[in-house]
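Multiple structures are listed underneath, in structure tokens.
Next, two complexes with subunit A in common: one pairs it with subunit B, the other with subunit C.
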Partner chain A sequence: MKTATVTSIAGGFRAELIQLSRSRLFLFLVTLQAIAFLLLVSLFGLTGSRAPIAVVSNDAGNYAKEFISTLASTHHSFRIEPMSSEAAACSIKSGNIVAVITIPSDFSQSVLYFKPATIRVDVDNIDTDMTEDVQRALPSAIVSFGRKIGTPDIRLRVNETDLIGHDTDFIPYLVVSGLVLDAFVIAAILSAMTVAREFERRTVMLLITSPVHPMMPLIGRIAATNLVASAAMVVPALVVVYGYHIHPLHPIASVFSLFVCTCIFSCIGVALGAWIKRTVPVAALVMGLSLPIYVCSGSLEPARFDGYKIWFSAHLTPVYYAVGIVQDSFHGLHVTPESVATDAFALVGWAAASLAVAAIVVRRQFR
Partner chain B sequence: MNSLRRLWALIALDLLIWRRMPMLVIGALIPPAGMALLIVMLTFSVSRQPVALVADSGGHYAKEFAKLIEADDDAYFLTRTDQGKAKRMLQEQRVAAIISIPADFDRSITTHSATVDLTLNNIDIDFADDIRRSVDRSVGQFDGMRLGREKPDAGEENTEDKSAVERPEPAEIETGKEPERGRTGNADWKVDVPDAYHIGIEEHDLRVTNVDFLHYQVVPALVLLVLTVGMLGTATLCAADRERGSLRMLLTAPVSSTLLISSRLLSGAIASAAVLAVAMAICFLTHAISPPPGHLAALSGLFLCSACCASGMGAALGNLMRGQQNIALASTLLASYLFFMGGGFTTIAFLPHWLRLVSALDPIRFAIDGVRQALFYPDLTGVAQDMLVLIGAAVAALLIGAAAVSRSFRA
Partner chain C sequence: MKHPEHPAVSFKQVTVQIRKHTILEDISIDLASGEITGIPGPNGAGKTNFLSAIIGLRTLSHGTITVLGENVPPCSAALRQRVGIVFQETSLYDELTTVENLRFAASLYSIPEPAKRVDAVLSLLDLSARASQRVNTLSGGFRRRVAIARALLHSPDLLIIDEPTLGVDVEARHAIWAHLQLLKSTGTTIVVSTNYLDECLALCNSVAVLRAGKLVVSSTPEALVARAGSCLDIECSLESVKDLRRLLEGTEGILRIESTDAGLSIFLSGLISADQIVRTALQSATIQGFRTRGADLAEVFNALDALPK
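Then we have the complex of A and B:
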């Protein structure tokens, strides 16, 4: 019986490897999808900071220059593009910039003699979020400028203490979380497809006649998809390290955590495949759900900051725990109130629960 | 007339097949539904940040500064608490930052040496910078920074400075006497407080609108719906015809190949238009969207062109690739690319120059821009241009799709 079990697992493993070697286009598309996700989250990351603005400076004085340099350096707020007023007007209308800041000709003189100067800001108030960003960032730059030039009437300053010694840029943060999403997409799609294919082609009925538990050959198949998914994960991981120049703080831990995530997400894919039993919707389901799961799992910022309800919902997805582990190993950031060990333990629980669900669904199907 | 009847019969057949593949319909609905869900989730992340406010001083200036922080409800989800509880909340990630007003705040103000303590969990710069900017703005407002604003159309100075607070004399602070409030009794610091920074802001808005983040971002999900349904539907119908062998049967039918090709392309477009109509009806009934009067025709035109684009591209994909799962994956992938590069989930202006160029080649960008213009703004500026580009793209996609279908007939 023991030999039969091992033989069926090995048989499943070999069969799946052969199947996957014949589906090279499919593997290519899944890997492409993983890289696409990284690019897509980067696109979103680009909107998080450095709003492109035109600065029309009618003053060549030193204070005007200093003010422009402050605009460029205050809290990653603006990406400055010096322009003429005509070019700026054209640019804002064509949607290439979000605002035009016009510095008046007497700006430096006014600052020098403590006279009031007024900066004109033309905002493309395309939505309130973007408008509010500009409305926050410009006063912040003025405050920094006042501090920098030592304006005497200022009574109040901010004394900032950061919990972390360094700032992590938004895109590196998003992209590392994106690797978890990639692991989810690649591993879950491959394993879900494997199981769904068994149902779709009705080969699952043949498994009934085998003298071992029908999950055995499936476990062999999932082991093969795991192997292939782990190999496919190398591509986005290399893109992150060499393309985005994000070097993990703990490389071995990072590789290990991504590998564990891949294995666990494979188990979840098994459950999904057994539940849906069709290949086309299972791929669409994984891809359609991946982004919302990604967002509500603390991939943009710690989920706890989004309120109790979202934080609670985040616990219902495995991505939350995986992001906690991977952010710790890449950036040394604790993005969940729970410890990394707790996150790892929860992920293992997810894997076990998924396999159990898959076994139950498969067994029910046989009945 | 006969040709039209035959065309409709073929379209009806395709729609019937499509309706009998519920899993395919579900598969096409999941990505846009997921995207809409994503935007809703995102609204919680990008808007207000949880912050604890600790006021260790009960002085007048401390109260005024606390009021400024409390008034900034666009920026913070504020919890007023004490130092010990605030630290626990920060540790448990229940807040992202603590703003502390120290005990000697009022005394330090009179000597121009006051500080407000900001303890920040700077996990990433996105929300950390949001908090930094907001606190800076409140600090600027406290020292009288002028944040003037003009209406976009009127071009007049906004005179909404309803309140005016006179700065209390230092002697009043020393004696602990409550200083006299402003003329209106409102304690907001506005332009009458001497501006320590001497730099005011005069804001001019480009548009007459007030679209919030959720509506602005979620509406393009309708374009994604048209794309996925049209693309996946047409591609799968083409693949199914080939895999089931029903293509041969169709070719023996007494209709011209032009009619066959047209029916395939039109059925994809009609399927996506039908699904969109249901989604739009739900949106109208729930008042989720309400286009300005007279914009419905432009909106329908934009969606129709997008549906034709999707159908043409779906036909090309369905005939160029083999295997339903490959086609499903490729359709979803292509739809996502077109959607994201078209500004469905991002603001094009923020992208680097080369990506903006790539985006300019994406016809869906014009669909998204046009739909937003037609839904959120009182005029239809630029919609004609968007429509022209979309019509061109739709014709090109339909021609490519027709060529692909025709090639599969010959094969």
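Then we have the complex of A and C:
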């Protein structure tokens, strides 16, 4: 019976590898989807940094020019576009620009004689995030401008002390978390499809009526799927390393955490596939789950900054712990209050729990 | 190990209910070893449930089922090793080739020297030329043959086939029949469900007719057809139909008269010949034509409907 079990697992493994090798387009598209997710999360970082702001300068003086140049370089969320007042009015009305900053004609004179100058700001406050960005940009630009021209009236001084010895840009932060999302998408879809396909095409009947327990050939098939998913994960990882030039500080820990994620998400995919039993709905469900889980698991910023409710719910998904490990292994960032060892322990616990859940769900379907 | 003296399958007062819905009701029947038993019937008669009960996929509400000397359900691994099943929907892996499908099945049944055995069943079912063809590129007939080949890999004592020739062309149908008859000659017990009466006549030693989950009759296919009688189709006008009905009803040897679009179908027992009926009919009505034929499955069922329930 032991031999029969091993033979059937090996048979399932071999058959699934052949089947996946014949589904190259599907594999290609799933991997492409993973890369698309990396681009998508990059777009999270890019959007907002190109918000167009019109600057209408009614003053041709040097201080006005200096102030505009300071404004452009101080806040990275904006693209400053010099315009006439008529063009600016027209653009803000048609929704082409976020705000209009108007420099008064006496700006340079006022600065020169230490008089107050009034800068008019018209904001399209459709998005409060943008409005707040504009509100933040002006004071910081004024402070910088004051520093440049040595105006004694502006006495604001910022003394910044960094917690971490290096800066990590937003996009590299997002992209590394995106690898965890990729593991979810690739592993969960492949395994969910493998199991759901057995039910959908009724090939499960062959497994149910054979002398070995149907779990055995299925274990072989899932092992093959997991192998292929792990291999497919190499592609987005290479894109991150060579495309985004993000080199992990601890490569082994990165590989370990992504591999454990692949295993966990494979198990979750198996459970979903056995539960739903239809390929199209289960693929849609995995896709639908991926982004909310990603966003609320500290992938955009440490989850503890998002409030207690999000931070608490983030603990209920393995993505939270995985993001904690990959941010540490790639960037040396400690994004969870728990230690990295605790995150690793929790991730392994998740792997064991998801394996158990997958086994229970599949067994129930075979009863 | 085959025991021709014992029935291969025995149902004793078997009732199966699923969520208060009775799908098999009080069925008692023995299916003989080494023979082909047909389960003819229209869709919804309970054929697939009957076959599923044999392989232990239905929980019995009442009664017992014995298969190859073992009570089911549950169907033990040892018993499964002795039973081959061909599912209605074939249950083949589309992306795999014929030989890959068979090798995978061989791994489930722990077949020694699987490559040799796969070659043997491929050649038995004339599939060697299709061995490396992907299953999704095969015609319906070949897919059925692959499914049969897969069910034969472990040399089962009992072969269960749900609709062996469903969606298969005439040529492939005859080829499948020939293979099944060859299997029968080796002593394999075969149970087939079918929608076709000619399939029962061509293949089966006995038939068990199900209707709405109940066993209506168990007999030989020939006796089943004889119940419906031979059929005389008469083409005539609507007016002549009425006249002929009046004239022929109650005549000894006429089992049943049915109106059709073209005229009448008259079912005859052996007590009266078609010639006699035609001669009688010509004396009192105008008929455009006539022909004799055997009854089809629907007509056999209509004849069975006339039985006391």
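Following the convention adopted for this analysis, the second predicted complex is superposed on the first by the 276 of 367 C-alpha atoms of A that agree within 3 Å, B and C clash if a C-alpha of one lies under 4 Å from a C-alpha of the other, contacts with A are read in each partner's own complex, and residues count from 1 in each chain.
The rule is short, and it goes like this: a residue touches a chain if its C-beta (ideal position, glycine included) is under 8 Å from a C-beta of that chain, and two chains touch if they have at least 3 such contacts.
All values reported here derive from a predicted model rather than from experimental measurement.
Participant: Which partner chains sit in contact with A:203 here, subunit B, subunit C, both or neither? Use first/second/both/neither.
Facilitator: Only subunit C; A:203 stays clear of subunit B.
Participant: What is the contact status of A:169 with respect to subunit B (first) and subunit C (second): first, second, both, or neither?
Facilitator: first
Participant: With the two complexes superposed on chain A, say which partner A:280 touches: subunit B (first), subunit C (second), both, or neither.
Facilitator: A:280 sits against subunit B, while subunit C stays out of touch.
Participant: Which of the two partners, first being subunit B and second being subunit C, lies in contact with A:19: first, second, both, or neither?
Facilitator: Only subunit C; A:19 stays clear of subunit B.
Participant: Under the stated touch criterion, name the partner, subunit B or subunit C, that contacts more residues in subunit A.
Facilitator: Result: the larger residue contact count on subunit A belongs to B.
Participant: Quick check on the superposed pair: does A:32 touch subunit B, subunit C, both, or neither? Answer first, second, both or neither.
Facilitator: After superposing on A, A:32 lies in contact with subunit B but is clear of subunit C.
Participant: So in the superposed three-chain picture, is A:345 touching just subunit B, just subunit C, both, or none of them (first/second/both/neither)?
Facilitator: neither
Participant: After the superposition on A, what does A:256 contact: first (subunit B), second (subunit C), both or neither?
Facilitator: After superposing on A, A:256 lies clear of both subunit B and subunit C.
Participant: What part of subunit A is shared between its subunit B contacts and its subunit C contacts?
Facilitator: 23
Participant: Along subunit C, where are the residues that touch subunit A in the complex?
Facilitator: Residue list for subunit C touching subunit A: 55, 57, 75, 77-78, 80-81, 83, 85, 87, 89, 91-96, 100, 103-110, 134, 150.
Participant: Mind pulling up the subunit B residues that touch subunit A in the complex?
Facilitator: 23-24, 26-28, 30-35, 37-38, 41-42, 44-47, 49-50, 65, 74-75, 77, 90, 92-96, 108-109, 112-130, 132-137, 139-143, 145-148, 152, 194-207, 209-213, 215-217, 232, 236, 321-326, 328-330, 332-333, 336-337, 340-341, 345-352, 355-356, 369, 372
Participant: Going by the contact rule set out above, which residues of subunit A touch subunit B in the complex?
Facilitator: Interface residues on subunit A, with respect to subunit B: 23, 25-26, 29-30, 32-33, 36, 40, 43-52, 74-77, 92-93, 95-98, 110-111, 114-132, 135-140, 142-146, 151-164, 167-170, 173, 189, 193, 276, 278-281, 283-285, 287-292, 294-296, 300-302, 304-307, 310, 333, 335-337.
Participant: Residue numbers of subunit A touching subunit C in their complex, please.
Facilitator: 1, 3-4, 7-8, 10-12, 14-15, 18-19, 22-23, 201-212, 217
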